[in-house]
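Here's the structure we're looking at; comments come further down.
By letter and in written order, the chains are A, B, C and D; residue numbering begins at 1 in each of them.
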Amino acid sequence: MNLQLTSEQQMLRESAARWVAERGRPAQGAVTVGPVGARWREMADMGWLAMTLPERDGGLGQGVAEACVLAEALGAGPVVEPYLPAVVLAGGLLAAGGSDAQRQRWLAALASGETLVVPATSERAAGHDIGLTATRAARQGTGWVLDGDKTAVAAGDIAQAWIVAARADESTIAFFLIERGTAGVTPRDFPSIDGAGACALSLRGVRLDDSARLPGATRAAFGQVNDQALLVACAESVGAMDTLVKATVEYTKQRIQFGRPLAANQVLRHRMADMSIATEEARSITLGAILALQDAEGSGNALARTRAAAAARAKVGMAARRVAEEAVQLHGGMGVTEELTIGVYLRRQMALDAMLGPAEWHLRRHAQLRGARDGGSEDRNVSLAGT
Amino acid sequence: MNLQLTSEQQMLRESAARWVAERGRPAQGAVTVGPVGARWREMADMGWLAMTLPERDGGLGQGVAEACVLAEALGAGPVVEPYLPAVVLAGGLLAAGGSDAQRQRWLAALASGETLVVPATSERAAGHDIGLTATRAARQGTGWVLDGDKTAVAAGDIAQAWIVAARADESTIAFFLIERGTAGVTPRDFPSIDGAGACALSLRGVRLDDSARLPGATRAAFGQVNDQALLVACAESVGAMDTLVKATVEYTKQRIQFGRPLAANQVLRHRMADMSIATEEARSITLGAILALQDAEGSGNALARTRAAAAARAKVGMAARRVAEEAVQLHGGMGVTEELTIGVYLRRQMALDAMLGPAEWHLRRHAQLRGARDGGSEDRNVSLAGT
Amino acid sequence: MYRSLEPEDIAFRDEVRAFLREHLSPKLSRATHLTTSVFPEPEIGHAWHRILWQQGWVAPGWPVEYGGTGWSLVQRWIFATETARAGAPALSPMGLKMVGPVIMRFGSPEQKAHYLPRILAGDDYWCQGYSEPGSGSDLASLQTRAVRDGEHYVINGTKTWTTHAHHANRMFALVRTGSEDTPRHRGISFLLLDMQSPGITIRPIRTIGSDHEVNQVFFDDVRVPVAQRIGEEGQGWAIAKYLLEFERGGSLNSGGLRCHLEELLRLARHTPRGDGCMLDDPDIALAFSQVEIDIDALEMTELRVMASLQTGQNPGAVSSLMKLRWSEIEQAMTHLGVRLLGPDALVWEHTRPLFAADARPVLDDLARPVTPKHLNARAFTIFGGTSEIQRDIIARELLGTVY
Amino acid sequence: MYRSLEPEDIAFRDEVRAFLREHLSPKLSRATHLTTSVFPEPEIGHAWHRILWQQGWVAPGWPVEYGGTGWSLVQRWIFATETARAGAPALSPMGLKMVGPVIMRFGSPEQKAHYLPRILAGDDYWCQGYSEPGSGSDLASLQTRAVRDGEHYVINGTKTWTTHAHHANRMFALVRTGSEDTPRHRGISFLLLDMQSPGITIRPIRTIGSDHEVNQVFFDDVRVPVAQRIGEEGQGWAIAKYLLEFERGGSLNSGGLRCHLEELLRLARHTPRGDGCMLDDPDIALAFSQVEIDIDALEMTELRVMASLQTGQNPGAVSSLMKLRWSEIEQAMTHLGVRLLGPDALVWEHTRPLFAADARPVLDDLARPVTPKHLNARAFTIFGGTSEIQRDIIARELLGTVY
């Protein structure tokens, strides 16, 4: 059974945990100033930004399992540097669907921490459903003209370029790499709820060469990268839950009320038991979904892959929110202030939901993806009368 | 404010409670043998079966509020005699939509406890949605031919007649009074989960005179009667919850485990607090819905009426189920046997759901009935920028 | 629920509505909508206080002799519900609902004559000095000490969670006046302080939603005249308990919940999704129904309590029930709000209050307060007795103390 | 989750599947599906016991020397999961998983030689005499007394919740042998009884779902040879605790959950609603997803535990977690089942077992067991340590004892 970490993964886990313990700090105020903030550069120096990028693009060719090992450590921080949007999503999309020129221009620079590219795929009327994308890409000669609005572009305030999803025709969503400064593109920066930054993008008659399009970035390719991102978010949440459970246990053991520690209250003890159970379950389903993604690489079963990712994010997203809220509640008055970092974890979970869709949305997707075959056991030799 | 019981209602409440305490017994095995079982006749003698029927039909002309006062007392028993299907539903439908001949033939006999008529409106493929009724009523000459199957006809095993819903055309559901023994009607009796009895009905080429049809029983009339039945079920559930909370409090105070009463466990104390809260909330929303039904009699606002009834049954149905299950859990091993009556209440709640639809269904109806106007306050003089 | 009202109550309701139409300005109700803290800024809340005062309606809970309205309990429910539903700002309770009743019951004639008219008119802005860093729910363990020095007490210590200490000119406080071995409930006194007194410093505490609403207050040899003590020395705990009981059944929240629900429904209708809006999503519609039926039940519970109180019955531990359910329903609603925002939940605005912020905000007025409200609503199940303590109280009424 | 398995494990799985295809008859799996009690009737469960015994697969948890299979933990997980998913009946655990391990560890050579082969072959049918009317979760307070009389113990008292006492020919029991003032944990001994002994009477206890599965057993001067005691006199509590720890991590339920889920999905697909089926209802579809992701997580937790145990790590209080979540997921599923029945949830069938009932039942095989299963599933959060006790255990591991 390959449920244990490999020794390389174990090393990654330890070095990431060490770095986070030393360098991770609560996310308050803007975290990075420009893409070459000190912590981001350190992450690049550790090889973490290059880790999952393909070897031919200067990466280390690791997979989603390694990204999750790293993300779990970052989640414990919490570290809110834009690993998820820049490396997992934008890097993943470029690696999967970028032209040779795009890959050469952007991937090595991304891996070294020099530049930042992030996806701009959410819209107000589409939510997290890329199928509802309303931004239009109209053919003009050999190029394109884009019109539309993007919202909630995480780290979009400090990115050099954005990968924008747009509707090329009724059934096609295309992805374009647009550099900062392109005419007709107006970013509007704002702080994000997790203490980092983001932007909205207004696209008005944005003229692009065909070379701006990521030729291989189909919806299927996006789906695969997005599934990876969901698991990376799960792993990050698991790391956060671990920290929150530990912090709450410590706090309730030392806080005295009515002459005894809070932790002597059976009701609070059971609540912490439930937090711990939720964390274990989150860890389990994340691991299961990682295995499903690895499996789908072989089988090409995209439905099973997407359903496993949706299942994991539904369960973990719900659990992480609940654990963070319970941690706040059990910290009492202190939990609802900026004096403790507990609230920062809650805000970061909300940011993950805002970036990738809330748990309820993934649960509904999971239900919609229930195929006709699903649920019928292939090996069951049962004959039930009357059915 | 008319939130207090009138003195007549107070008297009804007390006499019903007295009778239930003396004569109510746990529902185990079949409760009644024929419609003239001793308890049913006593209920008739108390005037309870006549209470809500119109005065011109020999009734006392009371309303849903009085029916709810009675039902709450019955719920505490629990008394599972067929008050709800026979008096509230069948009696209500006959009073609202029966011909003069039907009213004369059936209502006084119903009120006196001599005969029993019950509705047969549920079907397997329709569930509790009368709009999905598949049983067909085809015109033939001046009469009708009915074909179809009805399920879960509560007290149908002992009824002299059934009121059957059938589709007369695309948009019309008609109601027919069919007497036991009519050719083509085959009842199949079975015990019901609450310890009473029921039947399924097979209708094959059932020829009926037009006089069998309830001329005024439109879907709107059925809707009104059904809303009343939902509230009567709510009141019954409230009575059951009251009993369950009291029984659980008593049990946990006297049961010693690990050297102290169960009730000393903070976790169990809070669970009982939640049971008590749920009971209070159930009582409140039931009362609110009674007022809404009274109000709709004046305004004729059927949408508001049905929505209030759906709200009440959604909330009370959920609460009653949870309280009954918690009562079982807190009674431990004893709770999961037929040795205690606790389980009987749970089974009765399940029977109410089976008769009138589970809470989840009413919650969905409530959501579907949210009109365009709803939620906009008529008196709000607020101007919000940017909206 | 107006169907349950008598004609004279309907007439009263219409009078309140007419008043609100005339006096509750769009500016005030917009600012209330954009308020993300529990209590609005004084520039909003206090403005409304003055308007109500001019109408004679600022203190429905006060006896008529002190300036109350003489309304029945049902009328008070109507007034509270109508104003909240119309989007009026909440009034600061520290004067009207907390120190006011205490002064009426325990104050000297001079204290009554001085303070009560000023509270009514809003001439003083009060804050409450109860909690301390080491004593949250367990109030009786407080440590701030007042030592007698002639005709003064000299106060040293610190209070926390002090709402609007940075706006207030007066504080009422519980302080420890007994010696080390006085039983802990008997060594507590109730003092009135001038917030301008030398030795007082205020440290802001930002909430999880970034609001500056509460503070820590430090006392460094702060001198308070003995004449500013309410009641006897050592009577403070009894006074605090009286106030808690006075508040029983006094918190009417269904109007506010209904107002919040309507705001969210508007947000759902104004948030496009594909060709329709978020309210078309069956999962969203169901979540709205869940909240709505909870509010229906709480509203009717409030009315039942008013009816019981009016006929002289004791409604029991129902104030715990109402506080508990209010906080849970609010939290369910703010959750739903965040869900409605979808990707826009990423947006954060630091400026407070929101109504004073940036003229061209990223999000519109409907969406803007949602995430800070959600975060600050975490406190609803903590302040005023945590949900765990409320359940302890309900269980004690139900089961007694069984050990 | 087979993607996590090595090739040799896949091969093993295929061997198990082939065996099931050949030996698990439609009759047996139909009867299992229609079983509404926790444990199937012996005519089902025991029949399967014999089939597995013939294959040499009846005791995967036993050491090879006593007739175990020598499988790895992962193979044991595969076997448990495959058989449950295929719809095989559960085996009675009282011999194989309870008294068997106790005899192996504490029994005399004669006891081992006599009982272990009989347990393996299913020659004896065991029941467990632990709980008493006054001692449910608090086992150590048991009162049934065994008084020494020469070479016998004379037993008086009563045991309850005795599963299949009416089928069993043997019982293992905890009885009080100490004097009045022996500390309560030290005065308990572990005895083996013949159920045919004079003085034993059995009273059936019908469950909430109408099954006759458990009983109360009365002992009236029942004589048991001292040679039938396991271990020393007074060692009974230590033996019972050993057994509890032996079971740690031993309860693998995801296969059964998956089988139940598939049954419900079939029911949803076979239950018409309008032009479609119940699974088309978005609310129903969502409820299925909720349950399914819970099972996904539990299944992977089981595998993680197996992997940890296999590498010698201690998985901690995870058996409590697995029991707790299994029971909650089962209850969520039986709820969903009742919802799928809709009006048909009114139907009740008294006859047990269902597979032996009426040739023309009112409901079909898919629908029939749903309501009794739902009712009996209430016991899942009670037996084997209530959910409250499981949470106490988890909390103790997390927090220690803090008072």
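Here is the rule we use: contacts are C-beta pairs under 8 Å (C-beta built on N, C-alpha and C of every residue); 3 or more make two chains touch, one makes a residue touch a chain.
Just so it is clear, the structure is predicted and the values come from calculations on it, not from any experiment.
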item: Pair of chains joined by more contacts [C-beta pairs], A-C or A-B; value: A-C
item: Taking each chain's C-alpha mean as its centre, the one farthest from subunit C; value: D
item: Centre-of-Cα separation between subunit D and subunit C, whole angstrom; value: 53
item: Whole-Å gap separating subunit A and subunit B, where each centre is the average of the chain's CA atoms; value: 49
item: Averaged-CA centre spacing for the pair subunit D and subunit A, given as whole angstrom; value: 41
item: Residue list for subunit A, restricted to those that touch at least two other chains; value: 265-267, 270, 364
item: Where subunit D touches two or more other chains, by residue; value: 282-283, 286, 388, 391
item: Of all residues in subunit C, those that touch subunit D in their complex; value: 282-283, 286
item: Parts of subunit D lying in touch with subunit A, wherever the complex brings them together; value: 1, 3-6, 9, 17, 20-21, 24, 26, 29-30, 33, 74, 82, 85-87, 258-259, 261-262, 265-266, 270, 279, 282, 285-286, 288-290, 292-294, 296-301, 303-304, 306-307, 310-311, 318, 321, 324-325, 361, 364-366, 388, 391-392, 394-395, 398-400, 402-403
item: Of all residues in subunit A, those that touch subunit C in their complex; value: 122-129, 132, 151-152, 154, 188, 190-193, 198, 200, 256-259, 265, 267-268, 325, 328-329, 332-333, 335-339, 343, 346-347, 350-351, 353-355, 357-358, 360, 364
item: Interfacial residue positions of subunit A with respect to subunit B in the complex; value: 265-267, 270
item: Residue ranges of subunit B in contact with subunit C within the complex; value: 1-4, 245, 249, 252-253, 260-261, 263-264, 266, 269-270, 272-274, 276-277, 280-285, 287-288, 291-292, 294-295, 308, 311-312, 314-315, 363-364, 366-368, 370, 374-377, 379-387
